[in-house]
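The first chain written gets the first letter, and so on, giving A, B, C, D, E and F; residue counts start at 1 in each chain.
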Amino acid sequence: TPESAERTSVPGVATGLAVTGVGGDVLFIEASLAPKDTGASGVTLTGQLGDVMKESAQIALSYLRSHDEGAAALADRGVHIHVPAGAVPKDGPSAGVTMTTALASLLSGRPVRSDVAMTGEISLTGRVLPIGGVKQKLLAAHRAGITTVLLPQRNEPDLEDVPESVREQLTVHFVSDVAQVLDHALSKQAAATVAA
Amino acid sequence: TPESAERTSVPGVATGLAVTGVGGDVLFIEASLAPKDTGASGVTLTGQLGDVMKESAQIALSYLRSHDEGAAALADRGVHIHVPAGAVPKDGPSAGVTMTTALASLLSGRPVRSDVAMTGEISLTGRVLPIGGVKQKLLAAHRAGITTVLLPQRNEPDLEDVPESVREQLTVHFVSDVAQVLDHALSKQAAATVAA
Amino acid sequence: TPESAERTSVPGVATGLAVTGVGGDVLFIEASLAPKDTGASGVTLTGQLGDVMKESAQIALSYLRSHDEGAAALADRGVHIHVPAGAVPKDGPSAGVTMTTALASLLSGRPVRSDVAMTGEISLTGRVLPIGGVKQKLLAAHRAGITTVLLPQRNEPDLEDVPESVREQLTVHFVSDVAQVLDHALSKQAAATVAA
Amino acid sequence: TPESAERTSVPGVATGLAVTGVGGDVLFIEASLAPKDTGASGVTLTGQLGDVMKESAQIALSYLRSHDEGAAALADRGVHIHVPAGAVPKDGPSAGVTMTTALASLLSGRPVRSDVAMTGEISLTGRVLPIGGVKQKLLAAHRAGITTVLLPQRNEPDLEDVPESVREQLTVHFVSDVAQVLDHALSKQAAATVAA
Amino acid sequence: TPESAERTSVPGVATGLAVTGVGGDVLFIEASLAPKDTGASGVTLTGQLGDVMKESAQIALSYLRSHDEGAAALADRGVHIHVPAGAVPKDGPSAGVTMTTALASLLSGRPVRSDVAMTGEISLTGRVLPIGGVKQKLLAAHRAGITTVLLPQRNEPDLEDVPESVREQLTVHFVSDVAQVLDHALSKQAAATVAA
Amino acid sequence: TPESAERTSVPGVATGLAVTGVGGDVLFIEASLAPKDTGASGVTLTGQLGDVMKESAQIALSYLRSHDEGAAALADRGVHIHVPAGAVPKDGPSAGVTMTTALASLLSGRPVRSDVAMTGEISLTGRVLPIGGVKQKLLAAHRAGITTVLLPQRNEPDLEDVPESVREQLTVHFVSDVAQVLDHALSKQAAATVAA
């Protein structure tokens, strides 16, 4: 899609799927790392995130610290995760895989594929746990021109709620471990120049 | 059980038993330690844990600091304890032994036995104190395919509330000190490769 | 305008546009950096700013840390952002570009052009996202003698709500990236003497 | 008593007396010090303690810092005070002497005598101030098999409310300074092996 | 006046004007810096100050850090600003110039002139912004024997509300920049001995 | 009096006067400094003190930092101020002089005279400001066997409310600066052995 292509053109941005009051929507999760000499430290979370969603970010970071070779970059550089739009309150655990993907993209310099959107809770050991709103999320992905969607394995039964016409135009991968998510979502090549 | 086998296949995950609004349930407590060079420090607790459950985690850590030779690993590595599902509020002291077991598994590299589930409050000196909901917890363990359950010694009288048919298929060990819990729950051998 | 000329005569002050209970208004966002030897550190935000507006400041800082060569100045000097009037509560994401501009002006020593006012949410990657109240904001800019206004690209359709007579006296630039904002808003030359 | 003997068998545990909604009760205050190389620091208080009881712990620590030769151990080791049961809210100043005794036992390695229970507020200079509920507390001590009780000097008049039959089986020492409490409560010999 | 002469006899005290529930009043803003070797650090604000007034103190400090050569003294000495009476809640931005003057007096060692009182909001760049209650404040200054009052330039129209008889006995200076305030308010000579 | 003699026998304890719901009362303010090697730092305030009373303690400390040669002891030793009884909420500014006196006694090693009680708000420059409840406080001092009372100069008119019979048995000193308080209240000689 035009928007996700533009938004995910730099490493550190991943396309998620959310349920809102009026159906589903695509959202972009942005991550950045401050250069060492700019005085930033710790973790900054913005976008009016609720308690559960803030915990998802902590789980994503802890997972990557134990499983991603690039995580040493987190040691002395402040990390910031932002979810636009800035004034819209957001909560829930289903952005866990998207946060992990945005951060892994940033650490590796590999942009996220612009045709891929995802949703799923993650656990500290990297398991992908089921989420709600599969139907609305897939309709939103389809509307936004997404062609590949990553869903938790345990949400497979929910696919039958999705209209046949939409299902036929989406490639859906069911995943049970976040390593599978990263394998599907990250471009194979690092960006020529990494805008950290 | 299939799920507990999968979940506890790496060190740092222990199977607990909880009472929910609609009976008992099995829950998995996950612990991780960040590598030294990734900038993590202190203790992170996620899973929408209430005050009492957060205090249980502090007690588990203090107990292990004084009683576990591996506790030096806690000095310069951030420790994270997570209890899925991420959006479900949880509270109460009865996960104390399960938290201690998950952490001891992580520190020793010895996975928790997948056929064992447990419940019990711990004190700072390692005593195992009684908890509620024995009947619901044992029914849940049985349903989940667990074959061995660790219960506080003082909960022995509650066993008579559990249907004979269930009791016959479960091995129940009554324990008064968390050292007994660790002895029953931890595999005798460290995992070949420790995913910290 | 006389006031914005006076207010923006030193680097670190940018002219924003806000919606108030009684129409639109011009506001000035002030930024300062403490000299290294005065014991200030971190980020101070004043002006009775709400949660969303405080997050905008964090986003502006993170963006500049990754994209502005002058950001090393942030490492060991306390930064302070203030939005007068001090007793009036303010909130919302639309001051994001104005905060970024005030900070970029401070870091570069280039004053903000006094004929330019702006409004727009920013994302962590520097995208300019749409805001509300275009009509009231342009009327306020016009009343205050502003001649150039920077608006988010996606707010282009809102321009038709603005009276023809006002539109004709304003140059409006539509922007989609904060780099365009800085290009339009910052004077080409650094001030002779920078009052930090 | 069997329980207090078991609970106070290691240094760092003292037997207190409390008033609950349904009479008096014996409670055990546990203290632990983390080994230096395990990353713990500061003071951790658990057991759902209220404001006043948390302040009692701070007073106990400050008193010992100025009066106990062993207090240097507090410098670089995290100290933890826990009062089971973990889920029961507790408050009030009357555990002051018991907290001081548990900590002094820990610092000296001398276990608390298992036949002794105590109650009393402490001040920063070590004075023992009067408390409420003498009758209920002595009945509870008696029920639990305690044979020696330490009470504030100023509570001497309250002893007449205690049934003759109970008073005859208890040795009551009235104390005005916490040094007297420690003299009565701590075993004369350090434990062979100190479980810190 | 006798009281302001006494109160402002040492550097670090400035005379402000406030509106209370029952008219206007003179208040004294006191500032102190702790000697380096006494373990104080950071900024302490007392006098039951509200959010807006606390922000005024932060603005005053940031302004001086960037504009006062003496500000290096702030680096390693704790600064304390107190506004008696201690139990009376106070709020609002109008003490900004008074706080700045008290701090500048402290940093320079020059006492504040005892015949001068002042009121005005300050911005981060040192602009003096208008305040309310001009009439009540001038009546209070007059009652207290003050002979010179510093007011924001933009409050000039409010002077017509002040009775002729009072206006004739007060010298009023209208100021737009806090540098003008300091020029009017600080004695030309440093005190012989500075009580920090 | 017997009680104040006992309580003030060590440096760091001063006798104050308070108004309670049922008249006046004598209270003892205790201060302690932790030895350097015991890991304490900062300021600890206990006794269920309200906001205003906590601010009084901060003012007392800042005053002494600037005016007491012994204040260097505060640099690396934790200071603790406690006001028994531990469970009784207390608030108000009138304990300012008593807190200052307790701390000055501690820093100098000179005990507070046991026949002296005091009340008064202090400002940051050491001025003694007026308080309420003079009649009740003097009655309470008299009842407690106190023979010398220190009152704020501005409370002199309140003395006429005190019964002649009580006034005749009390020596009242009116003070306007806390230096006068310390001169009246501290014993001329340091204690032989200082229990810090």
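Please note the rule applied: contacts are C-beta pairs under 8 Å (C-beta built on N, C-alpha and C of every residue); 3 or more make two chains touch, one makes a residue touch a chain.
Remember, predicted model here, so these are calculated numbers, not experimental data.
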item	value
Distance between chain centroids, defined by C-alpha means - chain C, chain E (Å)	30
Centre-of-Cα separation between chain E and chain A, whole angstrom	52
Chain centre separation (chain B, chain E; CA means) in Å	60
Category of the chain touch graph - line, ring, star, complete, other	ring
Chain ring listed from chain D, with chain F in second place	D, F, E, C, A, B
Touching residues on chain B, where the partner in the complex is chain A	7, 10, 12-13, 28, 30-35, 37-40, 44, 46-48, 78, 80, 82, 84-87, 195-196
Residues of chain E defined as touching chain C within the complex	51-52, 55-56, 58-59, 61-63, 65-67, 71-72, 74-76, 92-93, 96, 121, 123-125, 127, 129
